[in-house]
Amino acid sequence: MPGRYAARLNAFKIGAGAYWPGRNRITALDLAERAATVDGLDAVDLNFPDHLVDTTPAEFKDRLATLGLALNGFAMRYYTNPGYKRGAFTHPDPTVRRAAIDETKRGIDAMRAMGGSLMTLWLGQDGFDTPFQADYGRLWDDEVAAIAEVAAHDRDVDVAIEYKPNEPRAFALLSDIGTTLLAIRDVGAPNLGVTIDFAHVLYADEMPAMAAALAAKHARLLGVHLNDGYAKRDDGLMVGAVHTVQTLELLVTLDRIGYDGAIYFDTFPDLVGLDPCAEAAANIETVELLRAAAARLKDDPALATAIAAQDAVSAHRLVQRAILGPR
Amino acid sequence: MPGRYAARLNAFKIGAGAYWPGRNRITALDLAERAATVDGLDAVDLNFPDHLVDTTPAEFKDRLATLGLALNGFAMRYYTNPGYKRGAFTHPDPTVRRAAIDETKRGIDAMRAMGGSLMTLWLGQDGFDTPFQADYGRLWDDEVAAIAEVAAHDRDVDVAIEYKPNEPRAFALLSDIGTTLLAIRDVGAPNLGVTIDFAHVLYADEMPAMAAALAAKHARLLGVHLNDGYAKRDDGLMVGAVHTVQTLELLVTLDRIGYDGAIYFDTFPDLVGLDPCAEAAANIETVELLRAAAARLKDDPALATAIAAQDAVSAHRLVQRAILGPR
Amino acid sequence: MPGRYAARLNAFKIGAGAYWPGRNRITALDLAERAATVDGLDAVDLNFPDHLVDTTPAEFKDRLATLGLALNGFAMRYYTNPGYKRGAFTHPDPTVRRAAIDETKRGIDAMRAMGGSLMTLWLGQDGFDTPFQADYGRLWDDEVAAIAEVAAHDRDVDVAIEYKPNEPRAFALLSDIGTTLLAIRDVGAPNLGVTIDFAHVLYADEMPAMAAALAAKHARLLGVHLNDGYAKRDDGLMVGAVHTVQTLELLVTLDRIGYDGAIYFDTFPDLVGLDPCAEAAANIETVELLRAAAARLKDDPALATAIAAQDAVSAHRLVQRAILGPR
Amino acid sequence: MPGRYAARLNAFKIGAGAYWPGRNRITALDLAERAATVDGLDAVDLNFPDHLVDTTPAEFKDRLATLGLALNGFAMRYYTNPGYKRGAFTHPDPTVRRAAIDETKRGIDAMRAMGGSLMTLWLGQDGFDTPFQADYGRLWDDEVAAIAEVAAHDRDVDVAIEYKPNEPRAFALLSDIGTTLLAIRDVGAPNLGVTIDFAHVLYADEMPAMAAALAAKHARLLGVHLNDGYAKRDDGLMVGAVHTVQTLELLVTLDRIGYDGAIYFDTFPDLVGLDPCAEAAANIETVELLRAAAARLKDDPALATAIAAQDAVSAHRLVQRAILGPR
């Protein structure tokens, strides 16, 4: 589904009192309905289990069809259970670890019931905080074994690992593209891949286009989250707010890789009280403008020549003109 | 001298063997001559004492006139003397500290002899590396007293403090805009101000336009160094390589402040072997393109309204269109 | 009150179900009661308004007396009101800004009613996220004017500014020691000072002992929050978890400055599910061990000589022996 | 050779005028002689080609024997050739790339002639600076192919990849433990492994003990460089200057892994003018003190229990007492 745009459903909770006056409880169905009002936003990702507590997969599937929204996939959320604070797949207590694995399988089943085929795992609880807190080798083995079990549960579902350097843990176990691809190799399942989140990549001190290229080379690039930030933490800013050129390079690279999944806006307008619909519309508009610039660059033989020679000055001039120049 | 562009003279050393075949020694006069070949580059900053070791102020002044280059000012370089490794104005040995102060005064005198009026002090040697290495109160007092003495040497010369978080020291004493303005207040001299370096500001975790605004509000903004980087260290990349929007915001702010000094490109093409003339030309072209975008934005009443309301979404859309939109 | 230890009251909410079985609502009085069970923990800071919603200052004062706890002071919390997401003292809407100022004055009055005299302001909502979002000069003026008004409300109350680089905003206005002291100078009130938080200082890229020394030199050091982290974000780890030497240097410096306020543990055991009482006890034990090492160092003439000469090697060896050596 | 200590030879150049009065040229043999005066320093690493330009492998081997120094290994230095500024194994020009590979093979041969068996590759030139400068897939393939060729040159020599996030390039290709192990897997040679440098690991945002554990698990840990820094850049500080607990955890982990190579002090006393012999002696003393603390911890069953449960508080208390407690 090339060109699909999805946005973080929870962002649409903000201003609920004004948007849904008199309502006591806002469900994920309501959030999807509000998201559907944004022109061009045509897909959603659901968090499991929280977005399905008030409904059934069947009801949600029908509602999405009515709203004209595609289901991009599911994302597991282990933070709804306080028991996962010290780890999901790497929790030291085998009972809690088992619960996390089984919950993930239930999530995969629920998604299949809705016709979806992409489960995103952000294993943010799996990590450590202080020196001498954990046996790193055991953490690694537990993580790899759990991912393997989850990936084996349904080979028709793609499982994407979304890495992030830290938060809530001081250190995440799968913190960057290298460790993520290493874990994926250790598992060795064909339905495993990577979701890159632009802001996570930046604060992992990586170049987004390189992370995408490495993911495609060593595994599969299954998801792309766009947003922006200052490369220090997960700021959740609007696309293009800071890193114009790196976002452009990523878009050109996605095209080259042949990525045809959705662009998901993982931004936090709610954090500072922005209108989530206007914010989503701004993200779509910016990506469309950047895609136009990407089209001006992608078949430029001068750019290809400059890149082959690692001639940074020539490449830079071509890129600056494609962004800022007369047209 | 609005609109003047200057570049780091030492960058023009690269490829000296090919540019000056058979020459054993390349002087600062040679570097200025090479810089003058760049279309639009019309000013130079000289490092003292190193750029004057092979010539006299009078000879250099004449040569600049011949080349059609203005003298933007001088910048002190304390690293030419190994004795300054542990500090210039804050060196624990009073003899070394005195030498640094006196050398600075000689630099001011030499600059005056060339008709200049802006001395930039990057006090990179003044700092510390490890806990328990220094008495911070004494460092501060020594720094403030030395700056005061240097500023008093010639009240017709503007003295600009260029801050930087670290390198070569693990911590610089004057590391960010706040401590720099605090020191300037402690000194209280009318001819003191600030030079902001875009990459330094980024890795001090500051917003460039805010640093410029604070400098203008609490002291005077005397110099602007443009370049780019990834906000982790002093990368010395070409203008616009990473931070398009923040560079644009800085240019709009400079215009609002009424900054009429030179734009100095403090970039390191030599570090990775780029052609310094092509690199300087790229910097000029990018700034000209950004200035055109700034002109599209500066009198936009919709942008003014958005900023007054801190309406990030509306401001963002206007900015993205000014950069990437049709025109 | 030298030697007093306080801890973050909200950390004691964790495990509430097991600690207070059958209880529906846990009040700040309950949290104080639980905190009082920690041996050596003898003071509390209350957040205003949230810690007083279930009780009156008079009742809380009595309860603290019964528990043998001193009131260290109050800390304003502007995040309880969704209206402050885009700013408290710098909110673009004058009505919201006025509400924040007035709420702070009510907090000061409530604290006075409980016999307290230290109000801590962490102005985390006052900042910005994206370029072109705000007029930095106006933000600064609004912040300074509001702090001035609050400080003038009751000259017998000390008002401490606690700076932090970011979070929840991408950039806080008062982000580091330099800008904080600059704002304090702009206000010019005698009852204004600084609270330093160890983890905030680290990720502001500052040396904790230098921040304390600068605060004492240019204003007053009114509060000290100990914790630890990796200098990238506000990790909230136990004291000593990472930065042994810098914590030690800070303790030596506090002694030299004559700081006699409480040590407040601003840690997040709740984030990862640690026992808050055991965690607080660990913090007290570590600080006591570090104070013993500080006592071994503070009057050592060899260390004084090394510091005067900025002789990092000699100072380092003395410090390593004081920490790790035989005794 | 368990327990061997080596230090950066080039650090011993500082103060050459005083140490070798009247000498015009200081050779690597001289540096080794000066290093040998440090009590406990019993091994050296040589940089190739620069440390062998004034002598032959045979002469150097004899001199080391006379001085009682073991040869720990060689480290390639590609920065002596200006041609490598834009890459060694990933240089866009096949001629330059071939020269880098061939020079590495000559280095391996020279080392073998001296009886050594460990070649360390820090591929700091292989990377990129700006978006759109390089084809990341080609960089990766060129790097992997060159490492494979070099590893195949002499299977009796261990080849260690020493990763570092950046500098001199804005981004290194092999920047962290994950990408390094991924490349090693792509090569698949039995004589390939990893050298971890404490300061590099810190500013790659990794936990040193975890990097060592992952290296041992997925390849082999062939070298350990100790030093310290502030996790922002390669500060080159003395061991223990900042990260006491993480250094201790690394030493405990090295023991558990069975690492029996040398500890190499990769510090920069020359950067700030410290006495290199006193600085090396300080590093040895600190590591010995930390090893004594490690011995107090390694067989503590309470610590093993705490780590198995990821009980950060209990582990922390045991560690703090082992460092700071009475004994």
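Read from first to last, the chains carry the letters A, B, C and D; within each, the first residue is number 1.
Please note the rule applied: a contact is a pair of C-beta atoms (placed from the backbone, for glycine too) under 8 Å apart; a residue touches a chain by one contact, two chains touch by 3 or more.
Since the structure is predicted, the reported quantities are computational estimates derived from the model, not experimental observations.
When the interfaces B-C and B-D are ranked by C-beta pairs in contact, the top one is B-C.
Using the average of C-alpha coordinates as each chain's centre, D ends up farthest from subunit C. Inter-chain centre distance (subunit A to subunit B, centres taken as mean C-alpha positions): 39 Å. Averaged C-alpha coordinates put the centre of subunit B at 35 Å from the centre of subunit D. Counting partner chains per residue, subunit D shows two or more touched chains at residues 86, 129-131, 166, 171, 205, 230, 232, 238, 241-242, 245-246, 272, 312, 316.
Interface of subunit B with subunit C (complex): residues 86-87, 92, 128-137, 140, 165-166, 171, 175-182, 185, 204-207, 209-210, 213-214, 217-218, 245-246, 248-249, 252, 297, 303, 306-312, 315-316, 318-319.
Here subunit D touches subunit C in the complex through residues 205, 230-232, 238, 240-246, 269, 272, 274-275, 278-279, 282, 285-286, 289-290, 292-293, 312-314, 316-317, 320-321, 323-327, going by the rule given at the top.
Those residues of subunit B whose C-beta lies close enough to touch subunit D in the complex are 82, 85-86, 129-131, 166-170, 229-230, 232-233, 235, 237-238, 241-242, 271-273.
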